[in-house]
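A short write-up of the structure that comes next.
Naming follows writing order (A, B, C, D and E), and every chain is counted from residue 1.
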Amino acid sequence: MAQVFDRSSNALARASLVLSGFIVIALGVTLNSLQRSPWVTRQGQRPDQPVPFSHMHHVQGLGLQCQYCHTSVEKSMYAGIPPTKTCMNCHSQIWTDAQLLEPVRQSWATGASIRWIRVHDLPDFVYFNHEIHVNKGIGCASCHGRVDEMPLVYEQNTLQMEWCLNCHRNPAKNLRPAAEIYNMAWQGPSQQKPVWCASTGVDGPTAQQVACVTTDPAAAGLQLAGLSVQQNNVLQNNPMELDRSQTLSSVAASAVPANYVKFTSQQELGLYLMKQYHIRTANELASCETCHR
Amino acid sequence: MPPREGVYGLLAEFNTPDELVHATKLAHGAGYRRMESYTPYPVEEAAEALHFHKTRVPLVCLLGGLAGLTTGALLEIWINVWGYPLNLRAMPLFSWPAFVVPAYECTILFSGLSTCFGMLALNGLPQVYHPLFNAPNFADGATSDKFFLCLEANDPQFDLVETRKLLERCSPVSVVEVQH
Amino acid sequence: MEMANEHHGADLTLGHSLHAARVLPAVLTAPEAVSTWRKRAAGVAVAFGLISLVFLFVPLGKEHLLRAYLMGYMTCFNFVGGALALLMVQYVSGGKWGQILRRPLEAMTRTIWVLILMLVPILLLMKHLYQWAAFPDAASKLWAYHHGFMTQEQQLTATSKQTMLSPSSAWIQSAIVLGIMALVITLLNRWSLQRDQDPQAGTMASFDKWRIRFENLSGPMILLYVVLMTDFVIVFVKSLDVTWYSSVYGLQFLVAQGYAVLALGILTLILLSRYEPIKSMFRVTEQHDMGKLLFAFVMLNIYLCFAEFLIIWSGNVPDEIPWYLNRIRGGWWVICSLDVIFHWVIPFCILLSRDIKRSKSKMIWVCAFMLVARLLDMFWLIEPNFPDAAGNLHITGNIGILAYVTVPIAVVAFWIAFYLNELGKRPLINVNDPHTEELLEPEHAH
Amino acid sequence: MATQGPIPEIDDPTLDPRTGEYAVIAPGHTFRSVTQKIAGIVLTDNTPTAWLGGLFLAATVAMGVVVAVTWLVLKGVGIWGITIPGAWGFAIINFVWWIGIGHAGTLISAILLLFKQTWRNSINRFAEAMTIFAVCCAAMFPLLHVGRPWLGYWLLPYPNSMNVWPQFRSPLAWDVFAVSTYATISIVFWYMGMIPDFGTLRDRAKNPLAKYAYGMLSMGWRGSTRHWIRYESASLLLAGLSTPLVLSVHTTISFDFAVAAMAGWHTTIFPPYFVAGAVYSGFAMVLTLAIPIRKFYHLEDLVTLRHLDNMAKVMLATGSIVGYGYGMEVFMSWYSASHWEFFMMWNRMFGPMGWAYWVLILTNLAIPLTTLWSRKLRVNAGYLFFLSFVVNIGMWFERFVIVVTSLYRDYLPSSWGTYRATKWDYMLFIGTWGLFSTLFLLFARFAPMIPMSEIRTMLPAAKLGNGGEDAKTVVQEAI
Amino acid sequence: MGLPARLAALAGSLSLLLLVSGCRQDMQNQPKFFPQRGTTFYADGRSVRPQVEHTVARNQMDEDTYFYTGVQNGKEGDGLPIPLNAATMERGQERYNIYCTPCHSRVGNGEGMIVQRGYRPAGDFHTDRLRNAPLGHFFAVMTNGYGAMPDYSAQLTPADRWAVAAYIRALQLSQNATRSDVVPGAQVEDLHEIARDLGMPASFADPWTLPNTAIYGTPNGKDNGIPGVPMGTPPPGAGAHYGQRATQNSGQRDSGGLPTAPVSNGTPFGKQP
């Protein structure tokens, strides 16, 4: 009587067992890399915009500041895509017959919006707020990358929750002095380029309570330090609400920080700033409602 | 592995476990070592006659259990203390009473799976082709109501004639030559 | 042939010679050694009793004497109640292990009269132990609150539970609980003797008659016993902390009783197995089975205690958590850890081993150790209830706490003397039972 | 066999001469007859018409699951009756109910194996199958209840792009581990138990396709003694592992409730009382299945009145524990001196949904715990069949009472609400009965319902030594 | 085996259904208004609505006050309606650097980067006309635009505009300082001397001149951006009063909120109407 299975079946049966194990592992590895791939995250993809607006040209080439166009970045959840009028501020006189700018002129003439393609599109259940990040020491480049080097804007980071949390679990690695928020080329302090910071004694909801300088305040003298404080002391709120009793002289006298601390690494500076800015640590991020409302 | 040819062994068929145990003891006494008995249900005395006692299955189970316990405990500790620390109801991050349950389940899972797969691996299963299935009476009875003793050809004592004589002394139902 | 046999190695000595059936020993009465042991136990009781008297003269000694007495008493109660429960379970479920254990269990239950007498000191002195007894009515509780003897929570909860927790109802409840236990114990013991003297002994009709009679009594009585026992331990142990509550308390005591009784039963049988008739009747199979059962009780005990702890720890509500905090903080951390190690970890690890469960010389030590662990657990349950010990355990200035060493030993030894006395009164094997014949069968090699 | 004991005076051959109880296997069976009986059910070419009809009916009912789940996926859990504060409705009730039913299978196969209760051998296989199918039905509910079942894998710890991991301080995360381990180990145990029987089926099948399929499933099992030793060792180990597992699973489920600081849930007796309740309902379900099957397939010789009696006794014991649990809950609501506890219990008994409590007391305690004391009713298959339904209804109401009546009157009277299941709740629940029956009917047709190899060990012919001679004659007579 | 097959098919389709349903992104893309996302609900496709005509927002009633107009009694006033302190100056400097430097340059001489690329030359703050202009003039220009300069009312809040105006005044002072303004004892060096010390060309400290690349006009060669001035005419010197409002000024008045105006906003992926 012939056997049900022939000799090769043993090897086949065992191989298939081992193989299914491998397939399961390979599937896991594949899915794991797939969920983080640009195919899912659109990281690095440059969509075709109606107007090929070059941040590189306008920021690096012309020296426009971020806020010139993104006016609401400091005071609202959204940085703000500028209205056509902002383009026309210059392009009413410059490159007025360039073919590239035809959609802009069209929009200006008709009042219809230009339909930009959104590059940094978070899911609608995420409530990301630009205001708090910008005011608590996160630079534009930390999330958006070197926009000043992007001819066409693309997503530098995955924008996945993992990426959010990687920073929120250790904010220190990305925090910078308030004056450097819009500095695209900012790099954390190092041995060669230390940073000195001090508390201004002013408490408040934003990062303005810390003054930082990149030159040694002791060497430059008290006056320079004082000026540096002033330079960083950017107004965020309606000046009407300021303390009216404060006069120029009194501010200058009181705002000179008593003692600067020198930082030679990003982690040190970040930890210091976390404390000064009252930034929550990983353990305190208990509420999902911080980001999902 | 190239297919082996020739005689695999001599297969004696018995009606009762007693006869099988008797024959096994006889063959063992005669110096045969490469042999195996086949029964439709576990017969402890048959294993005894083969002088086969210890299995390594409990060891595999223990190792699997330890691996599971370690995996489960480390997973929980890593996740709740380092990987994903959350301050919930002011419970400590290292909340060992709560960690007991999943670590325990992991222990059971790992040891259970390793027991089953360890048993199969130690038994060399799956082995859907086996020379014994070439013997027609084997397939008919080994998993139902017959008891078999197979003296294998690779035993140094094995001799087609002498071994058959030995087996026939035990009054088997039949003695069959099994081909590879 | 048993299907569920196990496999092992070295001690497989199967041979046809072992298959030969054995015969029932001619003499079934208890050996002389039992009375020797009884005398020793009585000696220990007297010696430790005398030592304990010292504590009458140290600060806080009297209080601790009483608390330690309660601890010893509850240990004895666990033996008697657990023996009754196990006996009834065995009657209902059958099983050879219980057949050999039956007479020791019966002997334990027959000490119920001693147990009743031993309760009298507690009932008389209860106002020194229980807040609800010290302040028996609502007015006195209010007074106690105003004068700082009770917290407001204690006052309010104790008042609302006054129906159950008051001196008179404690008397009534103990009368009901111990009375019903005594009744059931009397019946079971009387029938057990009558069963052996049945003229039809050895016939199917006799087997059936007695099996059904025992089953009919035991079945409902197990249920009733569990309810009564729950009530008893709530009144006499749990209410030491008048505010705390936990619904699994009764079951925990039940499991602790099984734990203690099996340990004592196995110990008795192994010691008796040096002499006839147990020598030829007590097979390794039954010892192994009882070891497994003991292991099951160890696991059940871990299970119930840990589940209770986890639930209360997770809930973290002020009604419940102080009970644990009082037993974990301060010096209690040591006792708590030792309790876990002695009461759970060590027995669990040891009893995992098949070879130890089958070894007489080793099981003696395991069982003795487990009985000591039970005492430690009882100490951990009782002493932290009292404000002077809650949250911290200290010996300096509190020498009276050593009463917890001497008094329970005296009380338990006292009880053991009576137990051994009862054990000596009857034949050690119940013959008119089909399982007796099975005990004589040759052992399987597993 | 040679007994020195008394000679039985009763002629009933189904009674064990030793104990006077019903025998575990009716006398007269041989290795071959047992094999033929059990393998015949699977290998027959004539599929019974009743089986086909049953399968059609079951599959039709199971369509309820398909429809209800489809609609749920399209619309979301809003189609169910869950509201605030009654956020746990049918899904949790049915989950606990089904998984509780599953417990008897593991209990029979594991605990009774450890306790050497050989009567388990006839019923363990289909009890295990029942476990697996019940766990399938059960696991569906929490998965659907999370709202987006297609993302159910989020419950597992894996390196996801959200950087979010399970929260191990939550009993809901313990559930994931407990239930998935339970399902896995149950399947492994069940399959492993069938390997030798698949070997038998392979050797006896005539149909080449069946031969091939069972050959694959048996993995080439040939009954080698060395294999048997390892196999037995693995079986015992798995039994040893499953015993605490089965306790832990329903314990974990009880933690889902007990760990919350909620009157009516937060009570320490929940773990043992849930486990007992699970075993109670599980044995009821085994009876629901065993009684028609033994009649339909004429298996009265193998699933005897002894089995029914024993299962009824287990139900009596576990039912009593459940009753004790109810009693302690009521008592503690008074003894705790907590207004919340007391109000919850009062509301549970006499509130708007008090009827459910009394249905529960009637079906779970009053009917079974009074009648099961009767020896006659314990071996009355018809009555037990009826009772098994009563108990399972009662156990369903137990979960209903725990889930609903604790939730719908919470601490703040302004947030009181009520709970009313919708047609989709009912459709899904009833559909799972169909799913369960479908799976079980398929199992009964294509897999050996009773473990042949284990039954063989219980036959007189398997006795070695002096018994062997008897066996020889028996076998020869049979031939 | 017909029924099992049917069941298998059912189970298969069910699981397929589940798989397909897994692709639903209805939480990622919710049917609600997001700023600048666009909508199909309104004809113009804007989810952020312009202010409804003939309605008045909070505080809008005050818009004819000096703080909002820079005009007092019909004339540009010279007062600063916000407190003058270091913070105000800092704010003014920062806002000036963001919004004004592209045309007016950091020092305010009207030779910013855009002008260098062909934009109509911007005002030089250091001419006599502007040096003498009242503070309200700068505010009004920022609010309403001036000549080719569009208004910056959307970018700068009124307070910011006042701060910028104050900063412009400071710039003017800085460029016209004399040695007598220096605190006694402080040392002041001449810019030319510093340049020489640093090795710079002598002209480094001179006022900058526009490079050759700068052309007046636009690439179409038709319009130099100055209404009424023909092509090829050199633009008048900085500071010329053009006397005309910017022709295009459709920006919404800043009411302190988001830029709500004719913003053309991008639509997200997959939301193209």
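Following the convention adopted for this analysis, contacts are C-beta pairs under 8 Å (C-beta built on N, C-alpha and C of every residue); 3 or more make two chains touch, one makes a residue touch a chain.
No experiment lies behind these values; they were computed from the predicted model shown.
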What is the minimum number of touch steps required to go from chain A to chain B?
1
Set C-D beside B-D; more C-beta pairs touch across B-D
From the C-alpha centre of chain A to that of chain E, how far is it in Å?
22
Using the average of all C-alpha atoms in each chain as its centre, how far is it in Å between chain B and chain C?
43
Starting from the mean Cα coordinates of chain A and chain D, work out the distance between those two points in Å.
56
Quick check: how many Å separate the C-alpha centres of chain A and chain C?
68
Mind pulling the chain D residues that touch 2 or more other chains?
163-164, 169, 171, 202, 215-216, 219-220, 229, 232-233, 244, 255, 454, 457, 462, 464-465
For chain B, jot down the residues that touch at least 2 other chains.
44-45, 47, 53, 55, 86, 88, 98, 101, 126-129, 133, 139
Could you list which residues of chain C touch at least two other chains?
5, 7, 310, 314, 316
The answer for chain C against chain B in the complex is residues 5, 7-10, 12, 14, 306, 309-310, 313-314, 316, 445-446
Contact set on chain E toward chain A in their complex
27-30, 32, 34-38, 44-46, 82-91, 94, 97-99, 101-102, 113-114, 117-120, 148, 150, 154-155, 157, 159-160, 162-163, 218-220, 223, 225, 248, 250-251, 257-259, 261-269, 272
Note which residues of chain A are touching chain D in the complex, please.
4-5, 10, 13, 28, 32, 35-36, 40, 158, 160-162, 164-166, 169
Would you pull the chain B residues touching chain C in the complex into a rising list?
44-45, 47-48, 53-55, 89, 97-98, 100-101
Within the complex, which stretch of chain D touches chain C?
3-6, 8-10, 17-20, 113-116, 118, 121, 169, 171, 229, 232-233, 236, 244, 247, 251, 255, 258-261, 266-272, 313, 316, 320, 323-325, 327-329, 331-332, 335-338, 373, 375, 454, 457-458, 462-466
